[in-house]
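Heads up, the next two complexes both have chain A, just with different partners, chain B and then chain C.
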Partner chain A sequence: MNEYKLTIGIETHVQLKTKTKLFSGSDNDDRDTLPNTKVNHIDFGMPGALPVLNKKAVDLAMRAAFALNTKPQKYSKFDRKHYFYPDLPMGYQISQFDEPIILGGFVDIYVNNEKKKIGITRAHLEADAGKSVHPENSDYSLVDLNRSGTPLLEIVSEPDMHSSAEARAYAKEIYLLMKFAGVSNANLFYGNMRFDVNVSVSKDDVLGTRAEIKNLNSFRSVEKAVEYEYKRQVELLESGEKIIQETRGWDDSKNITYSMRSKENADDYRYMPEPDVPPIELTDEQISETEKSMPILPFTLRDKLLEKNIDPAIIDVLLESDAEYSLENTKSIINENDARQIANLIVNIEVPLRAKDTEVKISNEDRINAYKNVMLLLDSNKLSSSNAKILIEEILLSDNVADVEKLAEQKGLLQTVNTDDIMKFIAQVVSENPAAVEDIKAGQEKAIGYLVGQVMKLSQGKTNPEVAKQLISDHLKTL
Partner chain B sequence: MDKKLSTEDVSKLAKLARLKLTDQEKEKYANELSGILDYVELLSKVDVGDLKPTHQVTGLKNVMREDEIIDYGYDVKSLMNNVKEEKDGYIKVKRMIG
Partner chain C sequence: MSWPNISELVAKFNNGEISAEENVLKALELIEKNNKYNAIISINTDAAIAKAREIDQRRKSGENIGRLAGVPYIAKDNFLTKELKTTAASNMLKDYQANYQSTAIKLLEEQGAIMVAKANLDAFAHGTSTENSDFFTTANPIDMEYVAGGSSGGSAAAVALDMAPFALGSDTGGSIRLPASFCGIVGFKPTYGTVSRSGVVAMASSLDVVGVLTKNVSDAAIVQEVMTAVDPLDSTTFELEDKNFSELDNQDKKYRFGLIKEHIEGEIDPNIKAGILNMVEKLKSEGHQVEEVSIPDLPLALAVYYIVCPAEVASNLSRYDGIRYGHSTDQSNDLEEYYLNSRSEGFGAEAKRRIMIGTHVLSSGYFDAYYNKAQTVRTSLINQFNDAFTNVDFLIGPTSPSTAFKVGEKSKDPLAMYLMDIMTVATNLVGIPAISIPAGESNGLPYGLQIMANLRHDHDLFKVSKILEDIK
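Up next is the complex of A and B:
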């Protein structure tokens, strides 16, 4: 049996970080609000209402273009996409059809430490529809129009992905890009990003019939949905059946996709130019100003950290924690000599600490300075690497750390570098462990580690183990 | 002359518009809509050569507002007066999914 080649393209709906809606002045933040309270006559599709474009949404779309390694189109326009559904009061969605604000671009993803370029076909601005709920055991649905009119940027990728891991990496990279570029809050819990994944399988280079899995809202579900679809489609083809082009939903608890109502063909949307919203024409100055205002983006940070020989898995966690907790760890450590060590501490101590919902009170600036000072203590052998972890945790849980060394001293975490003290401990350990001493003398170098451990224990961890080891070794030669 | 729109075309349009039509109505609309299409087809006689399509006739561009919340001067609750049925603040509609 020939292997089936898997092909994936992803459409991502990104909710833009604006205060108000795309075409109306209603509050765009519908988190935890009562239904139908953040609406107006425009969102409700009242006859005669005039949509007026939100300038901020255009600015954010321009930023998105640079995050996707391209420039915004100087000319773009809006179109009506018609369909009738209870969550769409106007009977059409204002979107961009043939002249979107972004054309082309690409995203670099890393899978198994290999960089891969995923092409971007286009990205366009559009207004979101309302939200509906379907109470169980009832014959009705309920519509909330708070989300109606929310600005979205729909980013369409080329069918350049060929594994579930690539699909996941792409989804995550789009998340990082939109977050770093300030385009979106990208809060997946509140549905700020939704992924529609197109999946097909084929034994040759001709693309197979695709199924579109709609409304995935986590990286995990993107990955799992692709895996399930691959299996389902291959099994169908192997048993001599055909794949039908359709829209499928995703059941997150059962990890399966299921058939939804057959999709309307694209030309059924009866696109027409939107007469109420004049086109967007960007000036060269606007475009270059936006380019200048772009922050450092994840792909640049990743490259710089790779230069420092930091493990790609560590970099992923670091970038994600920056995005998730609005921190700037990555940016602040790329030029540090100890970038690798700091990255390890952040990933091994701070990220798990934050994941436990522990309240981190210290300011971001103080944190980063504290990390640098911890590095200084490590470099000068005043702190052991295991105590560094304890110290970082202490720092993160305090609200103000003026003097890191003083805190370390107060908490008894500093190493005693006083040789006389260490010699006292060594004398005691040597006299208490004659068997180990004999072993070392007989050439079993490993036994020295045991003595070092005993010295550490006696000194309550305040001895530098490297120093202790050297001193024990010297001491035994004199015996 | 053949009708521009068959009753099947009308069925499809009705489905897209979520309208329920009787066979009689489909027949009627097929005739009427075909008549409209015939009339509109007069436009195809005009030679547009290599004219660019006109999307907008106002000549306006970049009509935008700042991203500020606007008080439209009425109680948004009144919008719900236009709704046929309300439940717990939601708009109650026929069930959309099974």
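Up next is the complex of A and C:
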């Protein structure tokens, strides 16, 4: 079964971070609102209602183009995509068919520490439909049009992915890019990003018949759906059956895909140029202004951190925490000499702390300065690495920290570097642990660690372990 | 019982000679008296009187009411209004009450105009005779056995019958100019994009324009001027540089006219041809130049129109699905049946015909053969008209090949009906302004002269129309 090659292409629907809808002035934020309360005559598809393009959505699409390593098209236009459904008020969706705002581009992903380029075919603007609800055991359906008209950017990848890990990494990278570029809130819980994953398997270079798994809303489900689909398709082929081209859904509790509708009779959407919305014509100036306003993006940050020899797994956690908490950790530390250590502290202490929903009050600027000062204390042996963790927790939970060293001192976290004091502890430890001393003398160097630990214990953690180790070693030689 | 010119009527209102209430009562009386012509779908009696009294009160307290102070008017029933239902003369929308108002209506009312009634049309504006109205057919004011034209037939008959000094119309392929021609009045179609379409039940979005029907050119100019404005609710509107339409002075200028060869030489009522040629002679004797101009692709305009228009119609009518408003069926077992029955019951034969044609020409496999080819010819027409306007200031010809036909005469023959638009559709495809002004009679029925100007030359078109109106 291993000879089947897996091929994956992903369509990502990204909800744009606009105040109002793509073609109307209705509030675009429908989180936790009553049904059909964020709707005006345009979203409702009243007679005579005309769509008016939201300029902000175009600006965000332009930003997305740069995030996808390309430029927006100078000319693009809208088309009507026709189908009947109760949550589609006008009987057509306004989308971009043959001249989308983004053509080409790519995304770099990392899987097993290796960089891979995933091509972008295109990305187009479109208005979302409403939501249909089919209550169980009832003979009616309900329609909520709050989402009707929400601006989406649909990003279509090339079929360049060949493993579930690559699919997951791609989905994650698109999430980071859209978040960093300010294109979307990218809140997966609220469905700000939805993935349609096209999966096929083949034994040769000719692509197999694909199944499209619709509406995946987490990285995990992207990964699991691909894994399940691979297995399903290979098993079908092995038992001599054919794959049918179809749309499939994903059951998140059972971890399986299921058939929704066959695509053998291809839908005819009767695309037609949208006469009510003039084409988008961007000037060179608009495009270069947007390019200038782009923030530093994950791929640049990642390259710079790799130059600092930071572990790719640590970088991933850092970037994700930036996206999640808007902390810009990564941007703040890329130029620091101690970037590697700071990154470790952030990932090992701060990220888990925040994941526990602990309220962090300190400002971002103070926080990053504090990290730098903690590094200084570590470098000058005034702070042990275990106390550094405690200190950082203290810092994160305070309102502001003017003097990190003073705080460490107040909390009793600084190391006692007084050699006389250490020597007293060593004398006591050596006399109390003759067996360990014998072991060391017999060449078992490990045992020295035990003695260091005992010294640390006696000094309540205020001894620098490196110093203690050296002193013990010197002391034993005199015995 | 006829009306003075709008400027005169407003002057009389302003100096207290006549009240808005008197105007409204007169209009309501004439509407009532001419009930038998079936021009009107709904009457705004109470609200119109109330508004008139309020306007009279405001005038008395010294307020300047506006350019159309106290002037009653009639809206085609595809303009969304808060005061009356908007039916588009269709069973689909027969009980539809809009929750917002069309921009054109808003602009008129801001200047003190008062809507007294809403006029009949072919359902969803599909037709040339109002025989496609799902309610009733409007009779021609000159002879009731004849149609008033369409689709703005109710508006045209209403103005011809003096129910109001002006009526609103929409023009997608001739829907203002043809009934104006049939009823012996003035009908103006502006440059595409000069008047907002927001709140007008859409027929074919790239062709639809909002215009006016009046008894004379200067009235049309005032009303059109009031409605001409950029509207943030309609992205196809643009700022027209010269929109002082009501300034019709400076009439000494001599113009170059092009008589459209394809229109004057086609199949046409000989009396109409003779009348138009007679006007050409008069123009020449007044010192204007007239030459014959050919637009080679003009004979293709109707074919192009009946691809582009149904495609957009089919698309625009898809929102009428019975889910949110409009007619919904009582008979269905599932969603598909619900759609089928709601739409089958709510749409008339002509709407269905256009939905079928439009759906077909947009289908995959046919799109290039029909829609794309039609757009190619449309572009070529735009270029040919533009070329023509480098040599002449205006193009002239008849508005239609014949006078009004008898009620029922063509209603079984959609193609014969479509041919009535043969002289008007090209301007909608190209976007240029055009007007029909009364030019004479043939066998007792009126016909119009159509004058076209280049894009954005609406003001010039009004000026020259005034000259031609006076010549006649």
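Operating definition for what follows: the second predicted complex is superposed on the first by the 471 of 479 C-alpha atoms of A that agree within 3 Å, B and C clash if a C-alpha of one lies under 4 Å from a C-alpha of the other, contacts with A are read in each partner's own complex, and residues count from 1 in each chain.
Rule of thumb we're sticking to: a residue touches a chain if its C-beta (ideal position, glycine included) is under 8 Å from a C-beta of that chain, and two chains touch if they have at least 3 such contacts.
Predicted, not measured: the structure shown is a model, and the values here were computed from it.
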{"item": "Which superposed partner A:P352 touches (first chain B, second chain C, both, neither)", "value": "neither"}
{"item": "Which superposed partner A:R80 touches (first chain B, second chain C, both, neither)", "value": "second"}
{"item": "Touching partner for A:G453 - first (chain B), second (chain C), both, neither", "value": "neither"}
{"item": "Which superposed partner A:V133 touches (first chain B, second chain C, both, neither)", "value": "first"}
{"item": "Touched partner set for A:Y92, first chain B, second chain C, both or neither", "value": "second"}
{"item": "Contacts of A:P295 with chain B and chain C, given as first, second, both or neither", "value": "neither"}
{"item": "Touched partner set for A:P47, first chain B, second chain C, both or neither", "value": "second"}
{"item": "Contacts of A:K56 with chain B and chain C, given as first, second, both or neither", "value": "first"}
{"item": "Touched partner set for A:G412, first chain B, second chain C, both or neither", "value": "neither"}
{"item": "More chain A residues in contact [chain B versus chain C]", "value": "B"}
{"item": "Contact residues common to both interfaces of chain A (with chain B and with chain C)", "value": "41, 44, 46, 52-53, 82, 84, 86, 143, 268, 275, 277-278"}
{"item": "Residues of chain A that touch chain B when the two form their complex", "value": "18-20, 24-27, 34-41, 44, 46, 52-58, 77, 82-86, 132-134, 138-145, 264, 268, 273, 275, 277-281"}
{"item": "Residue numbers on chain C that touch chain A, as the complex places them", "value": "80, 86, 88, 93, 96, 98-100, 102, 197-202, 204-206, 232-236, 311-312, 315, 317-319, 321, 323-325, 335, 339, 359, 362-364, 367, 371"}
{"item": "Complex interface listing, chain A residues touching chain C", "value": "41, 44-53, 80, 82, 84, 86, 89-92, 143, 266, 268, 270-272, 275-278"}
{"item": "Complex interface listing, chain B residues touching chain A", "value": "16-18, 55-56, 58, 60-70, 72, 76-77, 79-80, 82, 87-97"}
